[in-house]
Each structure stands twice: as C-alpha cells, then as structure tokens.
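In the two complexes that follow, chain A is the common piece, with chain B as its partner first and chain C second.
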Partner chain A sequence: MWDNISILTAAPVFNIQLILDGLFIGATFALAAYGLALVWGVMNVKNLAQGDFVITGGYIAWWLGKQGIHPLWGMPISIVVMFGFGWLVYITIIRRVIDKDLFTSLLATFGLAIVMAQALNLMFGPEVQTAESDYAVRSYFNNSVTVADIKLIAFALCGVLAVVVVLFMKNSRMGQAIRATAQDPRAARVMGIDTDKVYAFTYALNAAICGAAGALISMIWVIQPFYGIGHAIRAFVIVTAAGFGNLPGVILAGLGLGVMEQYGGFVLGAEFQQATVVGLLVAVLIWRQIEMRRHRQVVQ
Partner chain B sequence: MNTKRLLTAVSASLAVAGLALAGPAQAKVEGDTIILGSAISFTGKYSTNGIHAKNGYDLGVKRINEMGGVKVGGKSYKLKVQYYDDESTPLRTAQLLERLVNQDGVKYFLGPYSSATTKAAAPIMEKYKVPMVEAEGASRSLFNKGYKYLFAVLSTSEQYLASTISLAAEVAEKNGKKPSDVKIAMAFENDPFSLDVRAGVLEDAKKFNMKVVIDDKMPRDLNDISSTLTKVKALKPDVLLLSGHSKGAATAARQIKEMKIDTPMIAVTHCEAAKIVAKFGASTNGYLCPTQWAETLSYKGKYFGSAADYDKTFKKTYDGYKNVPYQAAQASASVLVWKEAFEKANSFDTDKVRDAIASIEFETFYGPIKFAPEGNNLGKPMVLRQIQKGAFNVVAPSKYASHPLAWPRKPEE
Partner chain C sequence: MESFSPKLHLPILIFGVAAPFVIPGVTIQIAVLWVMVLFALTWDILGGQMGYNSLGNILFFGSGMYISAVVQVSMFADVAEYTASSGAVDFKYTDAQYFWGLGLGVIAAGIGSAVLAAAIGWTMFGLRGPYFAIGTLGIALTAGELMGTWSWVGAGGGLAMPVFPGSADGKSMMFYFLCFFAAIATYLFCSWLYSTRFGLAINAIRDDEQKAEAMGIHTLRYKTIAWSAAAFFLGISGALFGNITGFVEPLEVAFPVATFGIFMVAMSLLGGKGTLWGPILGAILFHFLKEFTWTYFLGWQWVALGVLIIVNVVFFQQGIMGWLMDKFPERFGIVVDKKEAAE
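== the complex of A and B ==
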C-alpha cells in the first residue's frame, strides 16, 4: 500500500490518469444516480433494478453497433426504447406496488432486476461485451497519461444530458407537475394533476436516463448481463450521500465516487476498488447518523 | 372388500418396490445402451462453454457408436448421455447428480462445466462410489482432496500461466540479463480458478527468484482494471499476467488498448473464448494465450485421427464454429476414456471400471492420457500460443512450437 502511495508522490503525473479516469466514469455514475434520486424522491420507490436498466441501455447501444449503427447514434435510440420500457414496467409492475409499504416495492424491483439480468443473458449470452467507437486515443507526458476520445465525448454528453434534464424539470409543464407531485401528491391531485401519469412519466424518464448512461458505459467500460448490481449499488451510495432533490450534490458525489474508486484500486489493489464504494456507503451512513443525533439533541 | 383393498395396496406397493429395485439396475445399461450422466450448464453464466462441452460429449459418443460402440463381455453396447441443465449453479449440479444416481440409476458420469460445479460434483461421486471423468474443471483443489472417483483429462489450473515464467527467464538470458532481474506484474480474479493460476505463477517465479511488483486481485464484477494498468505504466514490469475468465480477458484487452500499455510480454488466459482478436484487432498482437489444446498440435489417436482431423470433423458436425474451442475437444476426449475403461475392465461393476480408468494409458487427438493417483492427467502439457498478426501460433513448449516467440510484442503490427 505504501509502495503505491510513494509512486503517486514520486511521479505525480499518474494522479492525472487516475483523476481523469475517475471523472469520466463518475459522470455516468452521476447520471444513473440522478435517475434514481428522481424516482426515489418523487415516487418513494427504491428502484433496485436501476443497474439493470443501465446494462439494458448498454446492450441496446451495443446491439445497434453490431447492426452497423455507431454506438453514439445508438444512445438516442437507447433513450427512446428505455423510455418506452420504463413506461411499460410502470404500468405492469410499479403502479401496483407504489402505495404499498417499502418492502413490497423493494421486492418487486429486486425481482425485476433478476428477470432483466436473466433475460439479457438468454438474449445475448454471458460474455462481456463492448461497443466500439473506433475513436483515437491521445497520449500525454510520454505515454504516462492516455485519454481515449470516446471518454471525453461521453463526459461532455453526460453534461449535456444533465442540463437538458434540469431545464426540463424547471420549465416544462410536466417538469413542474413532477416537482409538485414530489412535494405533496394529494395537493397535486386536488390541483388537477394526474399523478398516475406523472409517476409513469417519472419512472420512464429514469429508465431513459439509465439508457443513456448504459450506452455510454458500453462505450467506455464493458457490459455483461450480471453487472447491473454494481451500478445499482453505486447509484444508491451516491443518492444516500447527496440526498435527492440535490442535483449538484449528486453530480459531485458521482464524480467523487469515480475518482475514489480509481484511487482505491490503485492504492489498495483492484480487489478493493468496489469495496471502496461499499466502504464509503457505510461511512456516509455513520456520518449521517451522528449528524442526525446531534440534530435531535438540538431539537430537544 | 377390505381384503380386496388390502390386496390392491400390497400389490401396488410391491410394484413400486419392484420398480425401485429394477430401475437403477436397468438404467445404467439399458438393453444395449450404456447411459452416461451429466449435469451441465445450458443456461446461466457458463452456458456458452457448457454448450461447447455438450457438443464435444455428443461428438465423442457419436464417433464411438459409429465405430461399433463399446465391447463388454463379447457384446457391443452403444453409448448415450443423459443430460440435465445445472443452470450454472453448483448447488443445482449437486442436486441433479443425486437425482441421476438415485432416480435415474446412472452409475457413470461425465463432468459439468467449470471448477465450481465440479467441486460440488466430486463429493457426490465419492458418496455413491461412482466414477466421473471430467473435462472442464481445472482447479487444482479438485486433486488434492484425495478423491478416488474423479478423473480429469485436462491440465490443472496452476499450469495455465506458469510456462510464461520460464519463457520470460529464457528471454532475459538471451538478452544478457539475469532471470532474477525480471519484474512481474499480475492481476488475477478473486475466484478459485484464477487464484490457482496465480499460485502456479508464484511457485515458478520463486524458482527463478523473480520480483513481483504488482499483485492485484480483481473483483467478480470485473469491469475496470484501469487503476492496475496505471500502476503497470508507473512500474514498467517485464511481464504482465492476467487471468479472469473471458470477462477478464475482454476487459483487459480493451483497457490495454485504450491505455497503450507497452509491456514487452503480456499473457492472458481465455483469449479465444473472449474473442479478443476480433474485438480489439491489432492491439492484441503479441499476447501469449495458454490453451489446453490446439488443432495445430501433432497429437494423434485411433478414434478421431489427428488434432487437425478432429477439428475438421467437429466443424462438419456443428455449424457456426470458426474455431473449435478446446472445451469441446477435451469433452470428446473424456468420452474416449469411458470407452477404453469399459473395455479394459470388461465389466459394468463401478469399482472395476474405476480401477480401469486409473490405470489406462493411451494416445488421443487431444494428447496423451494417463491419470495420476490424484486423478489429474499427467500425460498432457499446457500449450502457450502467441497472437501473431491475428493468428494463434504455438510458441511454447518448444517441443510442439510451430513459430518462434515474437519479443518484445509490437501491438500495432
């Protein structure tokens, strides 16, 4: 461990590689986490199938890539398809569990996650797949730092998508309806908002965001039918740390998590890369607990 | 009326008991057919290779039946395999094998796919004292538990990358360096198979007193090893070794390409299964890939002819194979073991057949077969192939090499 830290201090240039890789992948984490925060905040559904939505989006882009469509063009298609899929899932499953207790919706989405992973496995097989963008790779500092163009593009696209979603939530009628429903569904209903439709739209929007994140992940990382759970855990960690309704927080937490993972992998070894994520979740929960206790004492 | 009912009940229960008694005795050899049992993965994460293995079993059975079947006690028997799908889960493998033994009465077994499921299978074989010839479980932990009924035709896992170490030592000496100057970087998945591969490498590295500068273990959800590769850039090792099934090979090949890793010698397991040449093109040039078997090897046997002949037969039988996976070849070889063993034992007694398996020694298209007392195959070495201009050429061991080693590797050639 100390050997690895000394590499970073002796040759600081490798920090740049770690930070860049972390930011690039962190951006896609933030995207998926924002979708989760939306569904969680508006509908109070903790969507355990979040990771599998991401992976499904990846498979759509990958499959289109195999048909000769560049995966970057596959991304908008993935967004549309996943939107439709999300709507369908809402009508068939989520609508029936949304006003039941927490445990029911957890079970339902967990079941959905298993079915989706197995369906992907049956359709595409268990191999790891990657969508190839065939863009160049740039090297800097005598090949010590390499940046693939596709990662830069993916990072920019994440930013664009985040801005679009924010503008949509702020300015469109549907965005306002979603925010109103999140604040008080009963009042919203009294005001004539069709909350059922709002829920369906929110869930579908989340699936679409995951579709985008997945398409990008298939281009910069790898996908496999059973990799969903890792992405779901990351999204939960990010939302738990940032809280919902806090978009800057989600973005910061997402990017931070990406970078932390890279440092965890470098310093502690690859076996601790994902352990870093779970370790962070525990740390966040403990910190939250302490904070809340302090808050309670103040109230008393 | 009561007596009538009693009679019915008694006769019914007698019939059931009779069936139960008759069932197994008939089932293992039905008429002129010997039934081999296998619980193997048709669905789940091992399904691709599970189906390769099934195709291999079926081809072996087909060939033996075409050649007149198995002769025991002057009579000819056909072979047949009864399959169940273990869904790639060891627990299911164990349940299905119990079912094959207890309900279907099968007494002779072919292995499942993967070390994990074979590990679940071995204790069941011991419990019922029925032999299994397996072809797809390479973990060395299968052969240090004293199992008596488990035999494997393939090389064990610790041999997979060990030959790279001696190759690296050779190269170092050729370049006027000491083998002990060689720096090794390695990343292995944290699963029983890959850790066995690692143990084999460490053992050999110790022999040459080489220095291991990176020794990372990759998680099961293996989608990123860029932090390990950043370390490789920093420490500039002479050899980079990676093993994490097909997913590890695909992830590694992608990120080695994207990060322009220029280590002169890179060895990766499961190159063929992960189709890295098709996916990542020239960037994979120079990778060393261990394999159990290759159609270019000079092995020969009486059932399929040479390795090349087997390759042809397989492609003719099954559509859609550009390359014949070694998983299929070794599956076929394990069926040949059964034929030889039945004929040597000249009996269907499980213990006699078991002893016959333990003592057979013969040549096949897959390589020589001769089992150690622990059940692993001593006859056949692990072969190292190098990707050279997109083709897999055997470069080690030198006895079977068809091409010289290209060193250092030049990715974009």
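== the complex of A and C ==
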C-alpha cells in the first residue's frame, strides 16, 4: 500500500492518469445516478434494478456492435429500447408498488435486478465484455498518460445528455408535469395532470438514461451480467451523498466517486476497488447520520 | 395463534427426528432446511417484529463462520501457518481436540456475532426505512470483499475447517441434529421473546418509533438487543454451516449476500412477516421450491427466484400467515364483530 502511495508522489503523472480515468468513468456514474435521483425524487421508488438497467443498456450496444453497428450508433438504439423496457416494467411492476411502503419497492426492484442479471447471463454468458469502438489511443507525457479518444467522446456525450435532460425537464410540457407531480401529486392530479402517465414516463426516462450510461460504459470500460449491483450501489452512494434535486451535487459526487474508486483501486490494490465503493456507501450513510444527529435537539 | 401452533409442533418434531433415519440420502439438505428456518426466524425479529428491514443479516452468518473457524484452528495450531499451508501440511486433530474446538467455536461464534451486531447497530440504527436496508446491504458486501483480502484467514482462497474425525455419515448425522436443535432453540427463543414486554416494545418501535420513544422506550437499546439476539443465532448457524461445508470462502460460503442473504428475506415475506409461524412455513415452502427449481430448472433458478420475490411482494404481500389470518381470523384468536364486519 505504501509502495503504491510512494509511486504516486514520486511520479505525479500517474495522478493525472488516475484522475482522468476517474473523471471519464465518473461522468457515466453521475448520469445513472441522475436517473435514480429522478425516480427517487418524483416517485419515491428506490430502484435497486438501476445497475441492471445500465448493464442491459451496455449489452444492447455491445450486441449491436457485434452485428456491425458502431456502438456509438448503438447508443441511441439502446436509449430507445430501454425507454420501452422501462415503460413495460412500470406497467407490470412499479405501478403496483408505488403507493406501498418503501421497502416494498426496494425489494420488488431487487427481485427485478436478480431476474435481469440472470437473463443477461443466460443470453450472453458470464464473460466480461467491451464494445470495440476502434478509436485511436493517444499518449501524453512520454507515454505515461494514455487517453483513448472514445473516453473523451463518451465524456462529451455524457455532458450533452445531461444538458438535454435538464433542458427537457425545464422547458417541455412533460418535464413541467414531472416536476409538478414531484412537488405534490394530488395537486397535480387536480390540475388535470395524468400522474400515472407521468410516473410511467419518469421511470421510462430513467431507464433510457441508464441505457445511455450503460452504452457508454460498455465502450470505455467493461460490462458483465452481474456487475449491475455494483452500479446500483454507486448510484445510491452518489444520490445519498448529494441529495436528490441537487444536480450539481450529483455531478460532483459522480465524478468524485469515479476518481476515488480509481485511487482506491490503485493504492489499496485492484481487489479493493469494489470494496471502496461499498465502503464509501457505508461511510456516506454514517456521515449523514452524524449530520442529522447534530440537527436533533434534546427537549429540556 | 394458540389453537394453531401446537398442532404443528408434533408433526414437525417427528419429521425432524425421523428424517435422517427414514430418508438418509438427503440428510444435509434437510439440515440446510433447519438453517433456513433459523434464517427466516432471526430475520423476522428485526424485519417483521421491529420493522427494520435488513438486507445484510448474512453478515453475522459469515462472521460466525469465520470466528468459529479461527477458534477451531487456533486452539491447536497457528492460524497464519495453517492458512499459508492451505492443506499441504496435514494438521491432525485428536477427537477430543476436535470436539472441544467445535463446541468453543460455536459458542464463540454466537457471542462474537452478537457483539459485532451491537457495535454495528450503534451506527446503523440511526438509519431508517430503506436507508437501513441499503446500509446493511453495503456492510455485508464490504465484509465479504474485505475478508477476501485478509491473508491471515486465507483471503479469497478460503480456510479449511478441521476435518471431522469419523465417517461421513456420522458427520452429517451430528450436524443435522445440531442444526435441528439450533432451529428449535431459535423458535423457542422467538416465541418466548414475543410474549414478553420486550416483544411488545419492539412491536411498538415497528408501529411508530417516535411515539415509542415518547412513551419512554429506550429505542436504541431495544433495537441493539434485538439485533444482537438475532446475530447470536445467526452466528451459531454460520459456525455449523461452515463445519458442514468444511471450507470457508468469503464470497460464496461465508457472505453469500445474493443467495442466503436474500433467501432469508424472501422466506419471511413468503410466510408472512411479523408472525411467529410465517417465517417457518415460508422457509419450509421456499426450501422445497428451491430444491425443486435447482434440480429441474438449472440455469433458470435465479429467474424463478426473482420472479417469486416480485410476485410475492407485488401481489401477495401479507404472506401465507397473513392470508390465513384474513381468511380465518377466529382461528387466530381474533374476534370479529359480525355486525361491524357486515357493515
């Protein structure tokens, strides 16, 4: 462990590599977390299947890539397919748990996560996959920092998608309806908003966002049927750390998580990369609790 | 309840005692069934009776397994040396050494897990509702990952338990009855616990924690004790299970969050959470379903499990016992006012 830290201090360029990799991958985390924050904030559904939506989106892009369609073109298809899939999941499952207690939605989506992970495993096999984008890999600082072009493209696409979603939420009719429903579903219904449709759209939009994030992850990183739970936990870490309705917070927490994960993996060893994520989740929850305890007051 | 449970005591007891002699081929499977009953009962102490839905109770199963492994090994050998040799050096245990080690290991596993639960509970019980579920899930996942990197206990390679001095049949018979007794002890403990003031207090916490606190119930203390009690039995089950498999490995055997960790929730829900007999019936039904799908639908068993959880949660939330209570309230000592029911 100390050896690895001394590498970082002796050769600062390694830090650049870690930070860049962390930012590129963190952008996709932030995207998926934004979808979770949306569903959580609007519908109060804790979607544990979030990570499996991401991985499914990745497999769609990867599979299309194998059929000869470039994964960057696969991404829009993945978005559309996942939008439909999300709508379907809403109609079959989420609609029935939405007004039950919170643990119900957590457990129902967990069951969904198990089904999806296993379905992917049966369809595509348990191997770790990457969608080949065939872009150049550039090196800087005497080849000690390498940046693949696809990572830059993915980073830019994450930004574009985030802006599109934000503009959509701000300006479109449906975006306004979603925000109104989030504020007060009953009042929204009185005003003539079909909240059921709004919920369906929100959930489908979340799935579509996950599809986009997954397609990008399949190009710049790796996908595997059972990596879903890791992505779900990342999204939960980010949203609990940032709080929903706080878009800049989600972006910062997402990028930060990406960087921290890279550092955790490098300093402590690759086998600690997963542990870093779940460790961070626990740390965030405990930290939030200490915060809340400070706000609590003793009645004299 | 009173009219219902004694009718089940005898058949289950007879089945439990007779099973290994009548159907010796599946002794281990039935031993696992008792472990499952224990899982569901201990999960329900928190999940059903106290309203704290934990997704990470499997943590104490794994901790018990590791504690007993370390105790059993360290009594007569150096643990680091033992794990480093990974079976190459044959550590011979005499009968007395083995059984002493096992006995102490099981007890230490229970106590150690209970202490661990108290320590973790101190931080985790500030989390409410889904945060508690996600937080415990996170802790259980972390524990598996961390144990997988700790070379003193064999890291990802795992740790072999001392070998049972005797025949394979003798081993499965002994551990069968140990598992059976552990399940019975858990059942007796739970049925006693729910009949005391303590049971009422944790029910009050489930129904409304703020009000319970306002009524003078020291909620944190009750919650911690309840979790420690659950962890005690889970630790013992972990110690026994580790000895049955004979090999402790962090991700698949000791901290199987995605299998046993979810099974215990699914079983309690299937049977009806918040009841004494619900988890038991759920565990028995679930175990048979599981063995069936694992045998005849291999590859699809996970899909079946996920679909079962979804259908259970979405359409059948009250579980078997809850459904029975709705259907036949008189049999559970619930008096239905005919006039009011008709209105």
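The criterion applied here is as follows: the second predicted complex is superposed on the first by the 297 of 300 C-alpha atoms of A that agree within 3 Å, B and C clash if a C-alpha of one lies under 4 Å from a C-alpha of the other, contacts with A are read in each partner's own complex, and residues count from 1 in each chain.
Everything that follows uses one rule, which is that a contact is a pair of C-beta atoms (placed from the backbone, for glycine too) under 8 Å apart; a residue touches a chain by one contact, two chains touch by 3 or more.
Please read all numbers here as calculations on a predicted model, not as lab measurements.
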A:189 in the overlay: touching chain B, chain C, both, or neither? Say first, second, both or neither.
neither
Considering only touches as defined above, state whether A:279 meets chain B (first), chain C (second), both or neither.
second
Identify the partner contact of A:70: answer first if only chain B is touched, second if only chain C is, both if each is, neither if none is.
neither
Please work out whether A:110 is in contact with chain B alone, chain C alone, both, or neither, and reply first, second, both or neither.
second
Which of the two partners, first being chain B and second being chain C, lies in contact with A:179: first, second, both, or neither?
neither
For A:119, decide between first (touching chain B), second (touching chain C), both and neither.
second
Identify the partner contact of A:266: answer first if only chain B is touched, second if only chain C is, both if each is, neither if none is.
first
Dual-contact residues of chain A (chain B, chain C) 121-122, 229, 269, 271, 274-275
Report the residues of chain B in contact with chain A in the complex, numbered from low to high.
43-48, 187, 190, 215-219, 221-228, 230-231, 233-235, 246-247, 250-251, 254, 257-260, 262, 273-275, 279
Using the touch definition from the top, list the residues of chain C that touch chain A in their complex.
53, 55, 123, 126-127, 129-131, 133-135, 137-139, 141-142, 145-146, 148-149, 156, 258, 262, 265, 269, 299-300, 302-303, 305-310, 313-315, 317
Contact footprint of chain C on chain A as seen in their complex
46, 93, 96-97, 100, 102-104, 106-108, 110-119, 121-122, 229, 233, 236, 240, 269, 271-272, 274-275, 278-279, 281-282, 285-286, 289, 292-293
Residues of chain A touching chain B in the complex:
4, 7, 11, 14, 17-18, 21, 25, 121-122, 125-130, 132, 137, 139, 143-144, 146, 148, 221-224, 226-227, 229-230, 261-266, 269-271, 273-275
